[in-house]
Structures are given as structure tokens and as C-alpha cells.
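These are the structures in question, set out in turn.
Same chain, two partners: chain A is paired with chain B first, then with chain C.
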Partner chain A sequence: MSIMGTRVVRTEDPAFLTRGGTYTADIALPGALHLTLVRSPVAHARIASVDVAEARSAPGVVDVVTGTDVDLEPVRMGPVGHAAMVRPFLATDRVRFVGEPVAAVLTEQAYEGPDAAELVIVDYYPLPAVVDLQAAARDEVLLFDEAGTNTVVGFGLEKPFDEHLFDGCDAVVTAEIVNQRLAAAPLETRAATAQWGDDGRLTLWCSTQNAQATRAEVAGWLGIETARLRVITPDVGGGFGAKIGADPEFALVGWLAQRTGRAVRWSESRSENMTGMLQGRAQRQTVTIGGTRDGRVLAYRLDILADAGAYPRLGAFLPYFTRSMAPAVYDIARVESRARVVATTTTSIGAYRGAGRPEATAAIERAMDMFATEIAADPAEVRKRNLIPPDAFPFRTKGRVTYDSGEYAKALDLVLDAAGYAGLRAEQAARRERGDAVQLGIGLATFVEITGGGAFAEDASVEVHPGGTVTVLTGTSPHGQGHATAWAMLASEHLGIPIEMITVRHGDTDLVPRGAGTMGSRSLQTGGVAVDQAAAELVELAKQRAADVLEAAVGDLELVGGAVRVRGTDASVALGRLAETERLRTEATFDSGAPTFPFGAHLAVVEVDVESGKAVVNKIVTVDDAGPVLNPLIAEGQRHGGIAQGIAQALFEEVVFDPDGNPLTASFADYGVPSAAELPSFTLLDMATPTHLNPLGVKGIGEAGTIGATPAVQNAVVDAVAHLGVRHIDMPATPLRVWEAIRAGSS
Partner chain B sequence: MIPVAFDYVRPESVDAAVALLGERGEDASVLAGGHSLLPLMKLRFAAPELLIDIGRLEELQYLRLDGDEIAIGAGTRHTTLEASELLDTECPLLPAVARTVGDPQVRHRGTLGGSLAHADPASDLPAAVLALDGTVVLRGPRGARRVPLTGFYTGVFSSVKEPDELLVEVRVPRTGAAGWAYEKFTRRANDWAIVAVAVVDGWVGLVNMGPTPLRASATEAALAGGASIEEAAALADEGTDPPADSAGSTEYRRHLARLLTRRALTTAGR
Partner chain C sequence: MKVHITVNGVPADTDVEPRLLLVHYLRDTLGLTATNVGCDTSSCGACTVLVDGESVKSCTVLTVQADGTDITTLEGLSPSPDELHPMAAAFRQEHGLQCGFCTPGMVMAAVGLLEEHPRPTEREVREGLKGNLCRCTGYHNIVRAVLRASGQDPDAAPDLVAPGFSTGSGT
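Right after this comes the complex of A and B.
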């Protein structure tokens, strides 16, 4: 019986749930020094002086380092941005966000660090903070004087918008929408440990989603050959995109280890994480939608002003994806978009679960609802009217990407049927009629997203050892996704060897020198396919070897239960036996050449107490079609987590800075990560439309929840109070915001 | 997240704890459940030189009838309040409020005395005991004194308790069958209240409507004068000074105080 598509319980979980994993902070090296960073308490300032004399004489202090001691060149850390927008590894003459490292304190014991760090005296001359995006775009206060502008990059800014875009539209609606800044808030904060060997090589243990890219970045920053750096990622306790690539602290730890000749450990506190780790989203959008009174959308425009934070990183590029996905699941004749990305004196923006696509989906899904309201039509009917039909695939979009496959209307119908849409509308009407304090809102989102974008190739090797155990090497390293189970299933399917005998190894650049890592919901459709192919090739290799041993033609051999057997006989040889004479190992590289486009539909039902403004989600029904599912248990876990984070953005979470750039949400008391108590059980419906872009037919599932659930919940909240004159409520739809919207609507 | 160095003592009795406070009260903090104090220390917002740990003193962990009152040892944990059959019968507001504090971990560590002494205006139990017209018993080098909670709080995180005094007992009246309700308004289940309202027998306590827990005096007076619930609740924010933050403007908190008071009075009146 095939193991594919079965609910195999994750083999990694017993250890995680009992003794715990081994994380970077658990790597104990004898004699290692502990790094404590002195971080800027002000958002924007010139540094007049840094006095470390007193800190140097504090108990346990081995070294105190300031920006002028560090001989590493400041570097541009993102894929886009002005050449002058570089970041030093410790601030020298200027700080640009609260939390920027200014000095490094090295102590024998971890507990000695914070005491000594308090003795470092930094003189700051405050400069005006730049927090508001429109103010940043006006360039009145510059973060990087040499750049002459705060604009990091523009997409589509070359030509003006088409004045005639909405010609012929009976109804046109426009709105300003905030897609707020979010914190990734992984359970494991950032950490790195570095040790130089006698061979002149640096070993860096760090918490990252991609060891190989981290190696290239850190080696470049340190100015050493890539071959002299070995990056090892032990267990990683969540990343959500914020652990893509290296952080500057990683290189600093390596540099300090060289300077002191000792191993150096760094593990940040939660407070540091809430200002130091990359954050996500942070777009202000102006959406305009127009169409006919009978529900046909003719034109759509998306104008984006996005936040890069202080030092541009990956996040500055992500509005590119938002533009690509702007038209979403709809066949709209005229679409245009542009994006301006600006630097501000705040924490840098990176990727966060969905990374550019949730922003696109949130914009058009709000726009579709507002358009439906404008023409007094049912939002489900308006969506159906405009969905790309199933016979149109592959479909070249106005976002200039090619959707591989999709059955959008079918997904929406499944969700509407399962939720009892007509009944919900009737219940809503009854409550409105009665004027209940608790009103019902029904929110929809139909969505499509990109997965496996950016990096299409991935390697894998599969080796059967004497004795019959198997090792799989992969460049896609997990930070919670379940690769150990999933990749073992793929190998087991071909080899007939139980998954308990298969070990999946990853995240050590000496062992796996090539790989792009785990991000963008890419693993299964790249690394997984490579494992599948390597295992298939191993079976062929084993048959060739067994043909000699069994004195049979290759064509007469079959693989059964981890052995090669002559068809119809008892003559067989185990794979482990074949490995005794010569290594039984194959490698494969799979290059999809293009991303895939999973899709789905989400329906959210919320109850809003119109007297207090509090919204409670009481039903979520989703289709998340990512093609055939390898392990439903793991895929459902991904959907659950994504939906939870979608609800979190819609109702709870927001990183807030005051006008002076001070973070107001730097702890879990202030940053609203929801718990199970705030979430309903989710109804997950199954649909599997394969892609032609890889032999398994699979797409990515990791981010669907944040893309579909977020606007569904937001739409539901607005829908619940629409009869009170409310047209839009920005996320998170907190009780305060909902109450204020109702008051404004009724007045 | 590493606190400033401190000394730690675990006295064997209340007498020993009080004696220690008499010597070093100015530099010391009393540690009971630790769920308020330890995070403050780890964030270095608090840096006591000495921690006096009373968390294991069994003589502070009791709950008994005492005439018309219920006497509760200051070290009694929230979980004990939650599970108390005596309180369910004699003072059902208190276990109901205790059930809304933080999360199970917090309620297994936190103590009634600690919550009242910490004087956080956003905490649940102080406003509940205030609504109950409760009393605290303080012990210090000069002996013991009883302070009604209405005269206990002086500001945010401050009270009339002297640094050398220990809060040893909380006394609340037996309210029996009197109507009661607790309306706690939060975004997340384990958050501090944006606003909360405790009602028992026509008395009303407000959470997070000023620098200290407050009584809605105007509402109480209106009720005593025969006003309807709607009329009385409309006065709930009178004399309050609510804070403004990202969870709520002062105006929103005033609205919530009126709304939650109306709902709590309605529930209590059933």
C-alpha cells in the first residue's frame, strides 16, 4: 500500500514535545564568551560618544567593542535599495531605529552581560524620527544623507497612471487601506554561536531558514571565502520568513570570535526580538475598483506605499510580489499598479508568512466587497461573475505571471455549500431586523498565490547504508514544517523501507553545500521532488547492481519491501546488502523553472457586539487547494497555523511605533498574539488540482491560511456592521476601532 | 531578561517575615506568586536588593468563616479561590473573578494578597474586593491594623501599606444570595482588562478606570435612590480618570464602564 497521501504522524514530534529540540542556544562550547548587545533606546540620533571605560572593568567582562572598533565594511543587506543605504555591524556615528546595536559586551558568564551593558554610556543627539510613510516619501528628514532620498525602490513609477482606466465603469469605488506591520514572533528568538577552528575555518551555528544562503551572506560580510565558513542550523523554533538569510548579528558574532580568539555565543531576549528581528507587511494601499452595475469588474488599480524600515532588507522587494498578484483570481480587463518603498526609522521589514501576497489579496478582496456594496450585489455573486474560468489555464495575468492551474469557482462553491451560506445570510437578516446587540458578519475571500517563487532548483541525495538504514540529504531545512517525516515518506514510497529507518539531514553546509532553504512554500515542490527523483533513481541503480547478484535481467526485477526481487520468485537481495560492496547513493536536482499558484476560498463568520465593538470569530470554512497532498496531517497543520495567523492579523496583531519611533508593542503583553481561546475550530475542505510543473503535481501549502483567512475575517467584521453605515475598518479590527467605526457610521 | 543581582530569604514564619521587613523593608520586595514582580525584575523595571519569599508560608494559606466575614490568608492562591465551595456559597463573586485572572499558570502561582498589595489598577481582584467592601489586615513592627480597601489605594502601584508592613489577610463579607456579576472586557482571554466591572449587592467596583481600582459611587447612590439600571449605569464613569492607550481611548473606556455596568447590574438583578 502506498504511503503517499496518508496521515503519517510526524516522527520529529515526540522529541520536540518531551525532551525538547536542540536549538542554537543549546550549543554549549567550552570557554565560550557571551555576547550582550547595547541597543539604541532612540529611533534616530547622531552618536556623539560611546564611553565603555566603566563597562570594561565590570565583573566578568572580557571585551567591550564599539562601532569604530569593527573593521567590517557597512553593507547593503537587501536585494534592492540605494547604494548608500548600508548598515554597519555596530552603529558608528548614527542610529536609525530603536534596537540598533551600538556596542558589544563580551563576558565569561551570560548573567554578567546585562550588568556591564548598563555601564556603557552613549551620548545621543536626537534627530527627528521618520515613522509616517507619507512623511518619509517627502524626504524632509533623510535617513541616509548620501542617498538624497528615503525612497528605497519604486516599482512601476516610471509612467503615470492611465487617466482613462475607469472609463466606461458605471460604479467606481476607492479606499485607503492599511496592511499593518506584524511581528513574526517565533518561539525561538534569534541566536548565533561562532567558533574558529585551528584550520582557519569558522563554524557558525545559527537559527535560520536557509543555511546555504546564510553562509554566502556572512562570508561576504566578513570578507572570507565561502569555503572557510561552515554554517550549521540545529533545530529552528519557527521562522515565518523573518529568519530568511543572515542577520548582521550573525557576522558580528563571527567577527568577535576572531577578535577574541574564543567561541562567542549570542541569544537575544524576547524584548530584543520584538525590535531587532525583521517584521512584515507594512503597506499603505490605495485601491480603486470599477465596473458595471451588473457586477462585471472592468478595471482595478493598486497604489502601494510600503515601509522598508531603517535598513532595507528583503521586505523592500516584496511589493514586487504584491504587484504580480494584484489582479488575483479575477479576469479584469484593465489593471495597473505601482509601489514606492521608503525607509523609516523603525525596525527593518522582511518576509512574513505570505510575504507580499497577503497584501495583494487583502487589497482586492476588500475592493471586491466594497464594489459589491456599491452596486448592492451579493459579494459571492460578484466574485463568481469575475473569476478566471477553469478552461483558461495556463492563464497569463495582468500582473505578468502565468497561473498554472485552477478551479476557482469550484472552490468558492464548496465553501459556500459547506458553510450554509444562504442560511447564514438569513440569520444575519433576522438579527438586523431585530436590532440584536450581537450582529452576524459573513466574510469571503477567494485567492490565488505564488509558491516556490524566487528559487526553483533544489538538490537531494538518497543513500541506503549497509544494514538497510537510509540517509536523505536536503537543502530545504525545516523550522517546524515536518521535513523529517515528509521526505522519509517520499523515499520510503520508492525504497519500500519503513520511515523509521530513514534519517533526513539538512542545515549543515559541509554536508549539504547547495540549497535554497525553506521559504515561500517551496519545499515539497522543489526539494521534495528532488528526493522523489533521487529515490526513484536509486531503485534503478539498485536493480542494475542486483541484476549481477541475482543473475537476472533488469527488466525482470522489482523492488519489494526494501529488497530487489526477481519477479515471481523468492530470489531477492536487500538494498542494505547491495550497499555493502559499494555505496548505494544517488543524487538528483529538480528545477521547476517556474512557480506554482495554489488557490482557494475562505469563509469567515464573526459575531460583533455592536455595543462594545468586539468581534469574535465563530466559524472558518476553507478550501486550500495546493494540488495532491503528501501528508494530510502535516498539510492541515500548515493550514491551521496559517489561518490562526490570518485571524491574528485581521483582529489582534499590530506593531506600533509612536511618532518619535518608540516601539509600543515590544512585549507579548502589548503585542496581541492570540491563543487557542480566541480561535474557533476550523472546517477544512479538500480539493486537489495538480500542477503540470512538477512530476508530483504538488504546490505549496505553507502560507495559504494567512492569504485567505485574513481578508475573509476582515470582510466579515465589516459585513457585520455594514448596515450601521460602516464601509471599511482597518486591521486589526480591534474593539476600539470597530466601536469608533460604528459611531462614525451612525453619525 | 536577567534581573539585577539580589539577596533572597525565605523566612519560616510570618513573624520572621515581618521582622525582616522591619530591618530591610525599604530595600526589599515581598515575593509570593511572583507573576507580577519577577517579570518587572527581569525587564529591570524593578531592582529590589532583597526578596522575602512568603510563597510557601502555610500560615498565610487559609480560607474560613469568621462571624459575618470570610477571612482569607494573603497567600491563598487564585486556584484555591476558584475551587472553594465555601466561597461559592458565601461570596460567589470572588471565585468568579479569580477564574478570569491571567491563565492557569498564573492562577496556580498568584495569590490574593499579592494581587491586592501590587496595586495594579488593571487587576481584577482589587476591584472585586473593593466592590465587596472588603478589608485588608497589615502587620508590621508596630503591630497589626485593619484597613478597608476603600482607603487602601493611593495611586498606581501604591497604597497606604508601609514598606515594613506585610499584607497578611483579606476579609470580605458573606454576601450569600445577593446578586453579583463580573463583566471583564478584554481582547484576548488572558489579557488584562481594558475595563471590567464587578457588581455585588448594589455595590460596583471598576477595573482600569483610573490610577486605582474605583467604586462607581454615583451609580451606587442612584441605585440606592431607586434609579433604574439604565439610569444608574449611565453614571458609572462619573468621577473616573481612565487611561488612554492602544486598547482604548478615555472616551471608549468611559463608554465601556457604562455598558459593562449596565450588563453586570442586569445579570446581578436576575
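Right after this comes the complex of A and C.
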């Protein structure tokens, strides 16, 4: 019986449930120093002086380092941006966001660090903060004087919008939409530990989603050959995109270890994390949609102003994806978009679960609902009218990408049926009729996203050892996604060896020098396929060897239960035996060459108390079609987590800065990560439309939840109070916002 | 200051700094690193342990306050990786953990919850675990795991009633 598609419980769990994971902060090297960073309390300032004399003489202090001590060149840390937009590893003459590291304190004991850090005296000469995106775009206050502008990059700004785009439309709706800044908020904050060996090599343990890219970045920043750096990612306590690649602190930890000749440990506090770790989203969008009164959308425009934060990182590039996915699941004749990305004196923006695609989906799904309202049509019907039909794939979009496969209307019908859409509408009408205090809202989102984009190739090796145990090496790198189980399932399927005997290793650059890591919902469709192929090739290799041992033709051999057997006989040899004389190991590289496009439909049922403005998600029904499912238990877990984060964006979470650039949400006491009490259970429906782009037919599932659930819930909240004159409510739809919208709508 | 604390059945007399938090005593002094620190505002519950059988956030307790107590951490809960405590086994069965970072605290909080409410409803589980944050699972499977550990069939639970309002019509 095939193990594929079965609900296999995770092999990694017994360790997590008895001794706990081993995270970077758990690695206690003997004699390691503790690093405490002094961080800027002001958003934008010139540094007049840094006085470390008193801190140096504090108990337990081994060293105190300032920006002028650090001989590392400031670097541009993102894929796009002006050459002058570089970040120092410790600030020297200027700080550009609250939380920017200014000095480093090294102590023998952890508790001594914050004590000494308080004694570092920094004289800041305040400069005007730049928080508002429109103000940033006006370039009145520059973050980087030499750049001459705050614009980091523009996409599609070369030519003006087509003034005839909406010609022929009976109805045109436009709206300003905020896709607010979010904190990824993995439960494990950032951490790094560094130790130089006698061989002149640096070992860096750190919490990252991709050890290999981290090695390249940190080696580059330190100015050492990559061969001299070994990066090890132990267990990683969540990433959600914010742990893609290295952070500047990682290099600083390595540099400090070299300077002191001691191992150095760094593990940030949550409040440091909420200002220092990359954040996500942060777009202001102007959407315009137009079409006929009978529901045909003819034209769509998306104008994006995006925040890069102080030092441009990956987030500055992500509006590119937003533009790619702007037309979403709809066949719209005329689509145009553009994006301007600006630097502000705030925490830098990076990837956060969905990374550019939720922003595209939220924009068009709000637009679709507003268009439906404008023409007084049912939002489900308007969507159906405009969905790309199943026979149109592969479908080249106006976003200039090619969707591989999709059954969009089927996904929508599934959620409508399962939720009892007609009944919900009837219930809503009854409550409106009665003027109930608790109104019902029904929100829809049909979506398509891009997965496995960016890095299409991944390697894997599979080796059977004497005794029959198996080692799988992969360049993908889990932080909760269950690779140890899933990759073992793939190998087990071919080898017939139980998963308990298969060890999956990853995240050590000495062991696995190549790999792109886990992000963009890419692992299974790249690394997983490579494991599948390496295991298949191992079976062929084993048969060739067994042919000699069993004195049979390769064509007469079959693999059964971890042994090669002559078909129809009892003559067999175990794989472990075949590994005794010579290593039994294969490698494979898989390169998909193109991204895949999972899709689905989400329906959210929300109750809104119109007297308090409080919205509660009652039910969410989702189809997340990412092709065939390897392990439903794990895939559902990915969907659950994404849905929760989607609901959280719609209702609870927002990173807020005041006009002076002070973060107002710098702890878990202020930032609204939901608990179990604020969320419902989720209703998941199954659908599996394969892609032709890899032999397993699989697409990515990691981010679907945030892409579909977010606009579904937002649409539901607006829908609940639409009869009170409310047309749009920005996220998060907090009680205050909803209440204000009702008040404004009724007046 | 001298403290006498029993952790996972092992008593110890230790001299600790008065300001040492219990979570750091467990992690750094005893090397029991399953218990994690996820925030600095007592919001996340990753550091939850049982103190004399009650779930407590060990980042809010000074070690000296725990003098004379009997503490259980995740390491002391299950007899072995092959023989999981029923709560740990339910977490595995229901895929109630992903990255594993919140898990030690979540499991200990759930054990404490069932001590107080041996057969909780879904709502009681959700309210009871309010002090523990998980970023990976969306809580769906954690709630199922706790229901299962309490001897209930999570699939038999009635449709969720969201906190705050009734699902019925009217007010």
C-alpha cells in the first residue's frame, strides 16, 4: 500500500514533545560571551557621540563596541535599491529607525548585559522622522542624502496610466486601500551563536529559513570566503518569511567572536524583535475597477505605494509579485499596475507569509466586492462571471505570468455549497430586517497565488546504509513544515523502508552545501521532487547491483519491502546488504523552470455587533488547491496556520508607528497576535488539481491561508454592515474602526 | 539566596541571584531548555511549567519565589520518547505542533487545564489556553489534541460557537 497521501504522524514530534526542540538559544558553548545590543530609541537622528566608558567598567563586561570600531563596510542588503542605501552593522553617524543597533556589549553572564547596556550614553541629534509614505515620496526629508531620493525602486513607472483604460465601462469604482504593516512574530525571536575554530573557520548557528543563502550573505559581509564559514540551523521556531536569509546581527556576532577570540551568543528579546526583525506587507493601494452593469469586469488598475522601511531589504522587491498577481483569478481585458517603493524611518520590510501576493489578492477581492455592490449584484455571481475558465490553461495573464492549471469556479462552488450560501444570505436578510444588534456578514475570496517562484532548482541525495537505515540530504530547511516526515515518506515510497529508519538532514552547509531553503511555498515542489527522483534512481542502482548478486536480469527484479527480489521467487537481497561493499547513494537535481499557481476559494462568516463594532469570525470554509497532497495532516496544518494569520491581519494585527517614528506595538502586550480564544475552528474542503510542471503534480501550500482568508474576512466584515451605508473598512477591522465606519455610513 | 526546588522529581539546593527568573533557572542553571522564552510581557506562555501541579508562566516568577516547590517541565512529563504522556501523544496524533517552540508551554498549560476541567468543551479549551500563543497551527489542531487527551472525540464536537456571540439569530 502506498504511503503517499496518507495521514502519517510526524517522526520529529517525539523529540519536540519530550526534550523540546534544540533552537539556537539552546546551544550553550562553554565560555561563550553574551551579546546585548544598544538600540536607537529614536527614529531618525545624527549621532553626536557614543560614550562607553562607564559601561566598560560595569561588572562582567568584556568588551563594548561602537560603530567606529567595526571595520565591516556598510552594505546594501536588498535585491533592489540605490547604491547609497547601505546599512552599517552598528550605526556610526546616523540612525534611521527605532531599534537600529548602535553599540554592542559583551558580558560573561546574560544578566550583566542589559545592566551594562544601560550605561552606554548616546547623544542623538534628532532629525525629522519619515513615516507617512506620501511624505516619503515627496523627498522633503531624505534618509540617504547621497541617494537624493527616498524612492528605492519603481515598477511600471516609466509610462503614465492609460487614460482610456475604463472606456466603455458602465460602472467604475475606485478606492484607497491600506494593506497594513504586519509583524511576522515567530515565537522564536532571532538568535545567532558564533565560534571561530582553530582551523580559521567560523561556525555560525542561527535561526534562518535558508542556511546556504545565509552563508553566502554573511561571508560576503564579513569579507571571508564562503568555504571558511559553516552555517548550521538547528531547530527553527517559526519564520514566516521574516527569517529568509541573514540579518546584519548575524555577521556582527561572527565579527565580535573574531575580535574577542571567544564564542559569542545573541538572542534578542521580543521587544527587540518587534523593531529589529523584518516586517511585512505595508502597502497603500489605489484600486479602480470598471465593467458592465451585467457584471462583466472590463478593466482593472492597481496603483501601489509601498514601504521599504529604513534599509531596503527583500520587501522592496515584493510589489513586483503584487503586480504579477494583480489580475488574480479573473479574465480581465485591460489591466495595468505600477508600484513605487519608498524608504521610511521605520523597521525594514521583508517577506511575510504570502509576500506580495496577499496584497494583490486583497486589493482585487475588495475591488470585486465594491464593484458588485455598485451594480447591485451578488458578489459570488460577479466572481463567477469573470473567472478564468478551466479550459483556458495554461493561461497567460495580463500580469505577464503563465498560470499552469486551475478550476476556479469549481473551488468557489464547493465553498458556497459547503457553507450553505443561500441559507446564509437568507439569515443575513432576516437579521437586517429585524434590525438585530448582531449582524451577519458573508465574505468571499477567490484567489490564485504564485509558489516555488524565484529559486526553481533543488538537490537531494538518498543513501541506504549497511543495516538498512537511510539518510536523505536536502537543501530545503524546515521551521515547522514537517520535512523530516514528508521527505522520509517520499523515500519510503520508493525504497519500501519504513520512515522510522529514514533520517532527513538539512540546514548544515558543510553537509549540504547547496540549497535554497524553505520559503515561497517551494519545498515539496522543488526539494521534495528531488528526493523523489533520487530515491527512484537509487532503486535502479540497487537493481543493477542486485542483478549480479541474484544472478538475474535487471528487468526481472522488483523492489519489495526494502529488498530487491527476483519477481515471482523468494530470491532477494536487502538494500542494506547492497550497501555493504560500496556506498549505495544517489543524487538528483530537480529544476522546475517555472513557478506553480495554487488557487482556491475562502468563505468567511462573520458576526458584527453594530453597537460595539466588534467582529467575530464564526466560520471559515476553504478550498486550497495545491495539487495532490503528500501528507494531509501536514498540509492541513499549513492551511490552518495561514488561515489564522489571515484572520489576524483582517481583524487584529497592525504594526503602528507614531508620526515621530516611535513604534507603538513593540511587544506582545501591544501587538494583536490572536490566541485560541479569538479564532474558530476551520472547515477545510479538498480539491487537487495537478500541475504539469513537476512529476508529482504538486504545488505549494504554505501561504494559501493568508492569501485567501484575509480578504474573505475583510469582505465579510464590510458585508455585515453594508446595509448601514458602509462601503469599505481598512484592516485590521478593529471594533473602533468598524464602529466609526457604521457611524460615518449612517450619518 | 539558597533555594530548595524539586524539578521533574529531582530535588536540588542551589544558591541563586535574587533577581533570577525561574525560566532562566530552569534553562541556564539546570540546562532544561525545553521551556522557552517567547516574549518579555508574560503574553506568550512559551515558558509555562507546572508549579505544584498548577500551570505557571515561569518568566513571571523569581526563582526564590519557587523555593520549596515541586516543578514539572516538559522534560519531566513523558516517561520516554517511546512512551508519551497522553497530552503529548494527543498533540502528536492531532498534529498540534509545527515548529515546536510554543509546544512545551502549550502542552504544560493544557495539562494544567485538564486538571481543572477534565472534560472541557471546545470553548473552554480555547478560553483556557488564551495565555499561550502559537503562530504556526492556528490552534485548530491544538484544540483537537486537548479534546482528545480529555477522552473526547474531537470530530464529535458540535460546530464551533465563536467566542462573543451566539450563532443563532436575534440578539
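In this section, the second predicted complex is superposed on the first by the 747 of 747 C-alpha atoms of A that agree within 3 Å, B and C clash if a C-alpha of one lies under 4 Å from a C-alpha of the other, contacts with A are read in each partner's own complex, and residues count from 1 in each chain.
Basically, a contact is a pair of C-beta atoms (placed from the backbone, for glycine too) under 8 Å apart; a residue touches a chain by one contact, two chains touch by 3 or more.
What you see is a predicted model; the values in this text were computed from it and never measured.
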{"item": "Chain B versus chain C as contact partner of A:Arg270, first or second or both or neither", "value": "both"}
{"item": "First, second, both or neither for A:Glu427, with chain B first and chain C second", "value": "second"}
{"item": "Partner chain in contact with A:Tyr111 - chain B first, chain C second, else both or neither", "value": "both"}
{"item": "Contacts of A:Lys614 with chain B and chain C, given as first, second, both or neither", "value": "both"}
{"item": "Residue contacts with chain A in the superposition, chain B compared against chain C", "value": "C"}
{"item": "First (chain B), second (chain C), both or neither touched by A:Arg514", "value": "neither"}
{"item": "Partner chain(s) touched by A:Arg583 [first = chain B, second = chain C, both, neither]", "value": "neither"}
{"item": "Touching partner for A:Arg396 - first (chain B), second (chain C), both, neither", "value": "neither"}
{"item": "Contacts of A:Ala677 with chain B and chain C, given as first, second, both or neither", "value": "both"}
{"item": "Which superposed partner A:His692 touches (first chain B, second chain C, both, neither)", "value": "neither"}
{"item": "Those residues of chain A which chain B touches in one complex and chain C touches in the other", "value": "110-111, 269-271, 614, 667, 669, 675, 677-678"}
{"item": "Chain A residues touching chain B - in the complex, by the definition given at the top", "value": "110-111, 113-115, 118, 269-271, 611-612, 614, 652, 656, 664-665, 667, 669-670, 672, 674-675, 677-678, 734-736, 739-740"}
{"item": "Residues of chain B that touch chain A when the two form their complex", "value": "1-2, 4-5, 43-44, 185, 187-192, 194, 246-249, 252, 255-256, 259"}
{"item": "Contact footprint of chain A on chain C as seen in their complex", "value": "17, 19-20, 24, 27-28, 31, 33-41, 43-44, 46, 74-75, 77-78, 80-82, 84, 88, 91-93, 95, 97-104, 107, 122, 125-127, 129-143, 159-160, 162-167, 169-171"}
{"item": "List of chain A residues in touch with chain C within their complex", "value": "9-10, 12-23, 25-26, 28, 110-111, 185-189, 235-238, 240, 269-271, 427, 430-431, 434, 436-438, 479-482, 607, 609, 614, 616-619, 633-634, 636-637, 640-645, 667-669, 673, 675-682, 705"}
